[in-house]
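Presented below are the structures under discussion, each in the form of structure tokens.
In what follows, chain A forms one complex with chain B and a second complex with chain C.
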Partner chain A sequence: MSRQPHSIDELQDIVSRLPSTRNEDWKYTDLASARDISSRWLAAGRESLSLALQDEVEAVTHAIDANWIVIANGELQHPVDVNGASRLDDAPSSDTALAELNAALLKDGLRLRVEDALDKPIGILMIDGTEDASVSQAYVEIEFAPGASGEIIEYHASKGDADQYANTIVSVAVGDAASARHLRVQNRAAHHVQTGHTSVSVGRDANYTMSGFDLGGGLIRNDVIIDIAAAGAEVSFDGLYLAGEGQHIDNHTRVDHRVGPARSRQEYRGILNGHCRCVWNGKAIVHEGADGTDADQANHNLLLSEKAEIDAKPELEIYTDDVKCSHGTTVGQLDETSLFYLRSRGLDKRHATQVLTHAFASDLVARMPVDAAKEALATVVEHRLAELLDSDPDTFS
Partner chain B sequence: MATESENIESLVNRRYEHGFVTDIATDSLPPGLDEGVVRAISARKNEPEFMLEWRLQAYRQWLTMREPEWAHVHYPKIDFNAISYFAAPKSDEDRPKSLDEVDPKLLETYDKLGIPLHERARLAGVAVDAVFDSVSVATTFKEKLSEAGVIFCSFSEAVIEHPELVQKYLGSVVPRRDNFYAALNSAVFSDGSFVYIPKGVRCPMELSTYFRINAANTGQFERTLIVADEGSHVSYLEGCTAPMRDENQLHAAVVELVALKDAEIKYSTVQNWYPGDENGKGGIYNFVTKRGDCRGANSKISWTQVETGSAITWKYPSCLLRGENSVGEFYSVAVTNNLQQADTGTKMIHIGRNTSSTIVSKGISAGKAQQAYRGLVRIMPQAEGARNHTQCDSLLIGKECGAHTFPYMEIKNPSARVEHEATTSKISANQLFYCRQRGISEEDAVNMIVNGFCKEVFKELPMEFAVEAQALLNVSLEGAVG
Partner chain C sequence: MTYEGKDLLDLEPEERAREGIFLGFQYPVEIPGVNNAYLLKTAVNAKRKHQGLGEVDAFEFLKLAREKMAALGMDPKFLNRGVNEGFSGGEKKRNEILQMAMLEPKLAILDETDSGLDIDALKAVAEGVNSLRNPDRAIVLVTHYQRLLDYVQPDFVHVLSEGQIVRSGDKSLALELEDKGYDWVREAASA
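The block that comes next holds the complex of A and B.
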């Protein structure tokens, strides 16, 4: 199937249909900047010179020992010498404007099939960097064959002062009795925009574990949709978002339990400092007949600044009775007695805060499913956390 | 297992006991809604000009508004021109001065409900402003209340007797154009209750209104306004049952509470309107706007509700916590069975410093019912030191029912402490087995477990209501337990 060419008008039309805040799922996240960047880029002829990205690519690929595939500004970098990886011409068309945009503007899609047990993680680095405002698309399909097991690292990065909007779609199919471990790191430049959609289907007795880390970016929206359509599935996912001055990070998750027994659990944690806003919306839907479902959601937030805002919404929709579902959400500050304890031991406020926020974040780093990346990730998280604490001068005044 | 399910069957099939129509001729307006109807309602009640003007503005605003569709409920579209907007009992001209003068048929109605008005009033020391359809027909203990300076009367009376208070507070908590149904209510409200507690007065008795919807095809649009002046205290009880009939009835009430400095209002509701039959036919549409404004420092508003009736419930008793140190509370037990649908919850808007709120919501869903908790906790940037704890638990009974939770938390101040917990489960086989092996029957065991599940809310109810609440739970819920 060859890709349908789209006229500028058709493309502008898709851009104008990107979700607005009138849509309940987008109530707290305004994609005006994504529409604006896209529309300017389309009007300017869809061309933008690529920046040299070699240093940034090496910084990531050398730090984490994995078989890397690099997608730069939406283009697959050759050679791709990873078993089971191949280029895709097209992304499937879909009914959402974001998916339409992805399909219409996609340069290179990527398909990855894991046949048996991987001895080394496969890393996919999606990196953008251009001279002028630009828009990039990525589409990745990952399939774990029945009984296969392995680790996937999805790393998003960007460079440059020009406006950028990246729209990525990743779909993961975990076959029966397969075991997939997925690490997702988003560490874009401070003002860049990304909408990321991850959909996962989990087979019979399969196991899917994911950790997402949102460290950078300006306006970031992640959708994680997990579909449990076979019995015996075990799903576990975590997310950590660190938001500083000017950042907006929105995590929407949805788990569909269509068949039971199956288990899903998720825990998202956020640390917010400076003028920023984070959104967490976790939804678990237990469909009719999904007996023996056990679903658990947790979301904890630390607000360090008066200008930070968190909008949290843990949702449960349950259509059968043989279930055990729970959710818990907390919003608060650092425990004053803990702070006092550290201060009484001679730590200044900033240092004490760093120790405590580090502890808050480190649980999720420790639980992260890809061992090869643990050390590198811990360093990045620590660095980002220190940066975050210094981003709002008022916090320690 | 067989006896268990038979037992359940028989209980599930129990009929609604409070379904009957009292045969009193009513003086109704023909169905339909336009400015003429609004004027006619106002004229019949001899309202002053400001009230008519207020209604007309509300009506014009209502025309520009759209019916809300976001709730997790499904029902056929309402034809607002098929509803008659005014019905009053015939004996309106010579209203009874005391209970003895009340139409015996009316008293009989209350008897059937198991709440003999006079007895209950005497024994419990409760003043009752009974809303029978749209006009208040009996008010007791007025004298004792007026001694204390408390104003407790029907809304129509308040408009005539205390226009300055009505003008000052009406619409100040729920503005006319707050939402579609509030606007409709503002245009056509028939009657309701008005309470004013003067400065420093602790209301000497619990105030109570019994609502009933009676004439077929008549939507009822009550308006309740309670103002607690500085340092005062009042507890208000609202309860309702409705006769059985086939057509859906729309009920869109508005309740406004104002608590000034150091004042406290406790508002308790037991709602048992006709939920429709086991096929979902008939039943009341209960689209209510209830909101309390903690306007002064150290004020407190507490909502407690036991919701067992109505085919569709759309109700979010809320608190605006403006005053420093003000407190909002919401305790709710909601039961849905058969094809009932409920989308209910609360909003706590923290505006003042050191405000706190507590939300405890217990939902029980049985049969094919769908129930949703929808709540909002918003901490405004200036609400330093705000505190919220929310707990919402759902109990599921049966394979085909649903329980949903949509809690919104919007936190814009870092000193806030907000916690939300929710669980959903069915009665565990282990719990039942434990009770059974101690010699407790299946039904009693389920009763115990369900009562334990709701205990936190029941203990907030005034004593007068606690008994009735338990009885209601028996009728509407236990029947479905298994």
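The block that comes next holds the complex of A and C.
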């Protein structure tokens, strides 16, 4: 069984329908570069030689002890010998242009089924790197059987100076009384573009914990959609975004509470320096009859430069009475008193700033759900933070 | 404002610290997420680097920090907490003295270190200060009360009013002040 191949014109048509800034959900994020890269790549015959990626693959898979599956430039790297993992021919068709593009151009989909308790995390490394401009798709379906438990790492990386656009879709189904821990790391090369869509359905008395770290990339848009359709669900997710000169990182989240009682909490934090822009839009919808819902969302931003911009928007829609909902958003600079205190102990301004920005991020690093990745991730975050501080020459002048 | 040939007002806060000046804060700031041991070690190393010395050995550092903490009556678990995070008033002041003890400054200025302390904390802080007294180190205690001076016997007492030293003396001046109040000095100064 295989999908109908699309003609170039059909593909160009899908590309032209990718969301524009006229769409309220995409008001701050312009996908012009994604359209441009896709269109050029289609016109050039959809061929681009892969760069050697072995070093980059090993840098990740050796640093984090997990059973790794590698998808390079949209192709599964064999052998995939992870229990419960299999190749998928097709992605489901959907009503958005991004999903259509994904389904139309998908080379290898991946399906993972976690049957009982995983003794080791499963890692999925999606890495891209080509000599000329290219576009890649990834589609991953993860299913936790009722009562199953385990940790999944989703790692996005890329290499090279050529333009890259990656469009990824990850769908997670957490069965009744299952417990899923999900770490998502985006550490793409500068200037690369990614749209990532994560949808999660959470079963009765199930537990879903996620952390997303956006460390690299040029233009990044993440959509996280969580659907709570059974009582007793516990959902907790965090996001950390570090944006330096020239970066644009947009996180859109949506949690649908369809029944209660259930709990969801989210906390996103951003550190921005230089000319960059980040977006956080967190939506929680408590549907009619979802009594006993407890939803909490928080977004905190640290702006180290006057040139940095954050557009933060919490949205609560509540259609029932018996609920507990809260949200809070803060945007601020480093605390001058703390900065002075550290400097009075001999730390120079840059070092003191690094220590304080690190502290701002440290809760989320400490809380991240996959222990096996904690040390490696802490190192990557620290390294990235140091780069970030140096990305704007004005910050310490 | 010249100290050892350098204009202090020209120096950044970190440069003053590396020159051997320590400022003990009246209200030490809480910095969640910054480990107390990390700050202590980084501060010690920043000064050592300035002096052209290598970084302190991690094992030696911990041993020394634990000794100093024991002397100040501090639980070693405070090393692994965030800087002053959730510390009581007395614990914060002990932490300041701990930093001073580790940094071994040439000049220490302790700004109302005695404010808000119960008697046990006051004694511990005073012992910490006394243990650092030596002929090569100057310690300036800023206080409103005699109480601290029962435990730390000052060599000199200066009375500061409106930014000026209006009277100087030995420890008996503090006792006289306690007896007669500050108005007495102010009136004498303006007369």
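General remarks:
What we mean here is this: the second predicted complex is superposed on the first by the 396 of 397 C-alpha atoms of A that agree within 3 Å, B and C clash if a C-alpha of one lies under 4 Å from a C-alpha of the other, contacts with A are read in each partner's own complex, and residues count from 1 in each chain.
Following the convention adopted for this analysis, a contact is a pair of C-beta atoms (placed from the backbone, for glycine too) under 8 Å apart; a residue touches a chain by one contact, two chains touch by 3 or more.
The model shown is predicted, which means the values in this text are computed figures rather than measured ones.
For the composite obtained by overlaying on chain A, chain B and chain C can both be accommodated side by side without a clash.
The superposition places the C-alpha centres of chain B and chain C at an angle of 80 degrees about the C-alpha centre of chain A, rounded in steps of 10. Between chain B and chain C, B touches the greater number of residues of chain A. Once chain A of one complex is fitted onto chain A of the other, the partner contacts of A:320 are limited to chain B, with no touch recorded for chain C.
In the superposition on chain A, contact is made by A:347 with chain C only, not with chain B.
Contact with neither chain B nor chain C is seen for A:66 once the two complexes are overlaid on the shared chain.
When the two structures are aligned on the shared chain, A:308 is found in touch with chain B, with no touch to chain C.
Once both structures are overlaid on their shared chain A, chain B and chain C have a minimum Cα-Cα separation of 19 Å.
On chain A, the positions that touch chain C within their shared complex are 335, 337-338, 340-349, 351-352, 355-356, 358-360, 362-363.
Taken in their complex, chain A has these residues touching chain B: 24, 288-289, 291, 301, 303-306, 308-333. The residues of chain B lying in touch with chain A in their complex are 70, 381, 394, 396-426. By the touch rule above, chain C contacts chain A in their complex via residues 12-14, 16-18, 23, 25, 28-29, 31-34, 38-39, 42-43, 46-47, 50, 82-83, 99, 103.
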